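As written, the chains take the letters A, B and C, and residue 1 is the first residue of each chain.
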Amino acid sequence: MMNVSNLSKNTLNEMFAANKRFDGRKITDFRKIEITYDVSNKAEGSARIKLGKTDVVVGVKLAPGTPYPDSLDKGNLMVSGDLLPLASPRFEHGPPGFNAIELPRLIDRAVRESGMIDLSKLVIKEGEKVWTVFIDIYPINDDGNLIDAAALATIAALKKAHIPSINEKGIVDYDKKADPLPLQKDIAPISFSFFKLGSSLILDPTREEEEACETRVTWGVSKMFGGYRINSCQKSGKQIITQAEIEKMMSLLPEKCDELNEKLKKLL
Amino acid sequence: MAKRSDGRKATEMRPMIAKVGVIPNADGSALFAFGKTIAIAAVYGPRLLHPQHMQDPAGAVLRCNYDLLSFSVSDRKKPGPSRRSQEISKVTEWALSPAVDLSQFPNTVIDVQIYILQADAGTRTAGINAASLALAQAGIPMRDLVCSVALGKLDKELVVDLTKEEEDQHDGEGATDFAIAKIANSDEFTLLQLDGKIAPEQVNEVMVLAKKAAEQIYEVQKKALKEAVE
Amino acid sequence: MDNELEMAQGADETDTESEKKRKVVVPGEVIVTGEDYLPSDGARREGKNIVALRYGLAEESGRVVKVIPLFGAFVPRRGNVVIGRVTDITFYGWLIDIDSASSGFLPIEESPRFINKNEMDQFLAIGDVVAAKIWSVKQKGIDLSLKSNGLGKLEGGFIFRVIPSRIPRVIGREGSMISLIKEKTGCNITVGQNGWIWIKGESIDAQIKARQAIEFVADKVHLSGLTEKMEEWFSKS
């Protein structure tokens, strides 16, 4: 797999400045989104997203665990994932590289800070036993923008998830579904990763576009308290982001959030 | 014998699904399912092999990696390779190598990645079937496709393609699980793994059943490859 | 940048289906039976049968039977024109990534004119793109040369990849397909056998169009009637 060349980078820079892309989109357009469920009947919830050719599966599993000392009345949340070597010629075996570590952490923060999962309703025995919600994210094909794709698939998987049955002795019966996973109504932390090339900020890049970009800022946004709230943010990469660029992203986020929420409503 | 819990006859296989080209980035890829067991495989290569001392001047190195996704099983599997997955990765490599002509690509590696999306027994066999398709799609020269299935014995009766429930049975002589792989259209077996209690004469009967089952798998694989070009 | 070699390696369409018979075959499948047939690329003789060595389109041309791959990685051959990206500069030449299992090397002696050792990066810097010819394929790597018409550093435009086995039909018989695309879009195009293609046009729109046209052709699996399909595509857009 070849690294991005100087001339392609220059051409993409020109194209983005003219609001053009190879697949006909504008620089803030998202690709076609397809979501399917039941990736695994062994998961308590699972979903698969295709965002253009980017393909990510997310599975939700629950298991009894001990609560953290500073949150004895709440269930636990653990988000993991791996950049499977099958998804890209760039991904290799062995200890996770930074990208493999960063992706689940970003999704974790967005889900946790938005409060989408009502962890207070996941107590089995207060102070002693709670449910731990495991969210596992696996890209199957990387054609760019894995983070935003993973976030959408995570929301979908959580919305269809349920708690397994557990008897008085504490033995879990995974084949018997109990209640749906307790979620805060209408909260869905959508991720928007802006990628910067030259002075353009683009959304939902293909892998080719992503590799030409120099820096990324990912925002986790959800609708709450009658408006929008940013739940998380992370800038990644060496280039600077100007104040004007931050203002630009803030001005775009509400409309993008609405647009994606509409799409999600139809898909979920 | 009484019908099996899912209504199948003793020598009946679960419905199979095979689809090629499911991962656009890969040089070859496929999905293969036996009933509720679903495997996905991708092939990248021949490509550069680092570090140099691992290179083989006689031909490509076939490097297989098999693993379960954490949510493919009831009790979540912690991410990362387990000893079981390392063993299966190795036997998968041995199951596929005899069918592949690696001599044309010295000093390179052909990476085969297999992941299980949903596990209901027969995961390594579904993985080998998917990998065989992925290798073929990648244009790797092969003598023939490789077909794999798990046969077994429930108490005294020989059966084909066990589910997890059947593998876990303890009645009578219990369950015997015999995973095989063979080169299609031949008498050559490339994978043999057995757990249980089975008499030598029955092993011979199993090999006969295995050949018949492999023929059915071959037809499904061939169809998937031909359909990818329609 | 026209190139004789790229013309020679174009694919033939089936104008008349009877001239070349094609069918999809899987490894190990019998293609034809008979003592008269001669197995070529991707096929072998097994007793009376000609058997496929790999997955692809089996083609009978008279007595010769071969299997044209449809997918898969690039297998480098001497004489191939490839497009690559400079990854490093050493004392002896430039290391070029040609997206293949072996790395490419362009010795300083194979540049089109004399280059001083201390101005190597002015001629080709890391990240630059070249169209080069494969001079030799050895165990330790692939040697490249720029000493031919139509080769050298590529400036402006962009590069992108298609599946390498689709390159012959992107070029077309005697270059007919690629010439059609160049004509309709007014772009300069250089096609590498390793699947990488360079396009440079007068406008962004022309470049986008040329790429979309090439991807349209590359995606098609069956080869019949491609020229008509391409003409139709251009008239519609």
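The definition used in the following text is that contacts are C-beta pairs under 8 Å (C-beta built on N, C-alpha and C of every residue); 3 or more make two chains touch, one makes a residue touch a chain.
As the structure is a prediction and not an experimental result, all values here were calculated from the model.
A.B. asks: Measuring between Cα centroids, what's the chain most distant from chain C?
C.D. replies: It is A whose centre lies farthest from that of chain C.
A.B. asks: For the chain pairs A-B and A-C, which is connected through the larger number of C-beta pairs in contact?
C.D. replies: The greater number of contacts lies at A-B.
A.B. asks: Report the inter-centroid distance (CA atoms only) between chain B and chain C in whole Å.
C.D. replies: 34
A.B. asks: Calculate how many whole Å lie between the centre of chain A and the centre of chain C, each centre taken as the average of the chain's C-alpha atoms.
C.D. replies: Between these chains, centre-to-centre, one finds 38 Å.
A.B. asks: Quick check: how many Å separate the C-alpha centres of chain A and chain B?
C.D. replies: 32
A.B. asks: Touching at least two other chains at once: which residues of chain B meet that condition?
C.D. replies: Residue numbers touching two or more other chains: 44, 47.
A.B. asks: Which residues of chain A touch chain C in the complex?
C.D. replies: 1-3, 5-8, 10-12, 14-15, 18, 20, 22, 24, 208
A.B. asks: Flag every residue of chain B that touches chain A in the complex, lowest number first.
C.D. replies: Per the touch definition, chain B meets chain A at residues 22-26, 29, 36, 38, 40-42, 44, 47, 65, 69-76, 79, 111, 113, 115, 117-119.
A.B. asks: So in the complex, which bits of chain C are touching chain B?
C.D. replies: Listed in rising order, the residues are 24, 26-29, 42, 53-57, 69-73, 75, 100-103, 139, 165, 221-222.
A.B. asks: Which bits of chain B are touching chain C when the two form their complex?
C.D. replies: By the definition above, chain B touches chain C via 21, 27-28, 44-49, 57, 99, 101, 104-109, 136-145, 184-185, 221-222, 225-226, 229-230.
A.B. asks: Given the complex with chain B, which residues does chain A contribute to the contact?
C.D. replies: Per the stated touch rule, the residues are 39-43, 46, 53, 55, 57, 59-61, 63, 80-82, 84-89, 93, 134, 136, 138, 140-143, 174-175.
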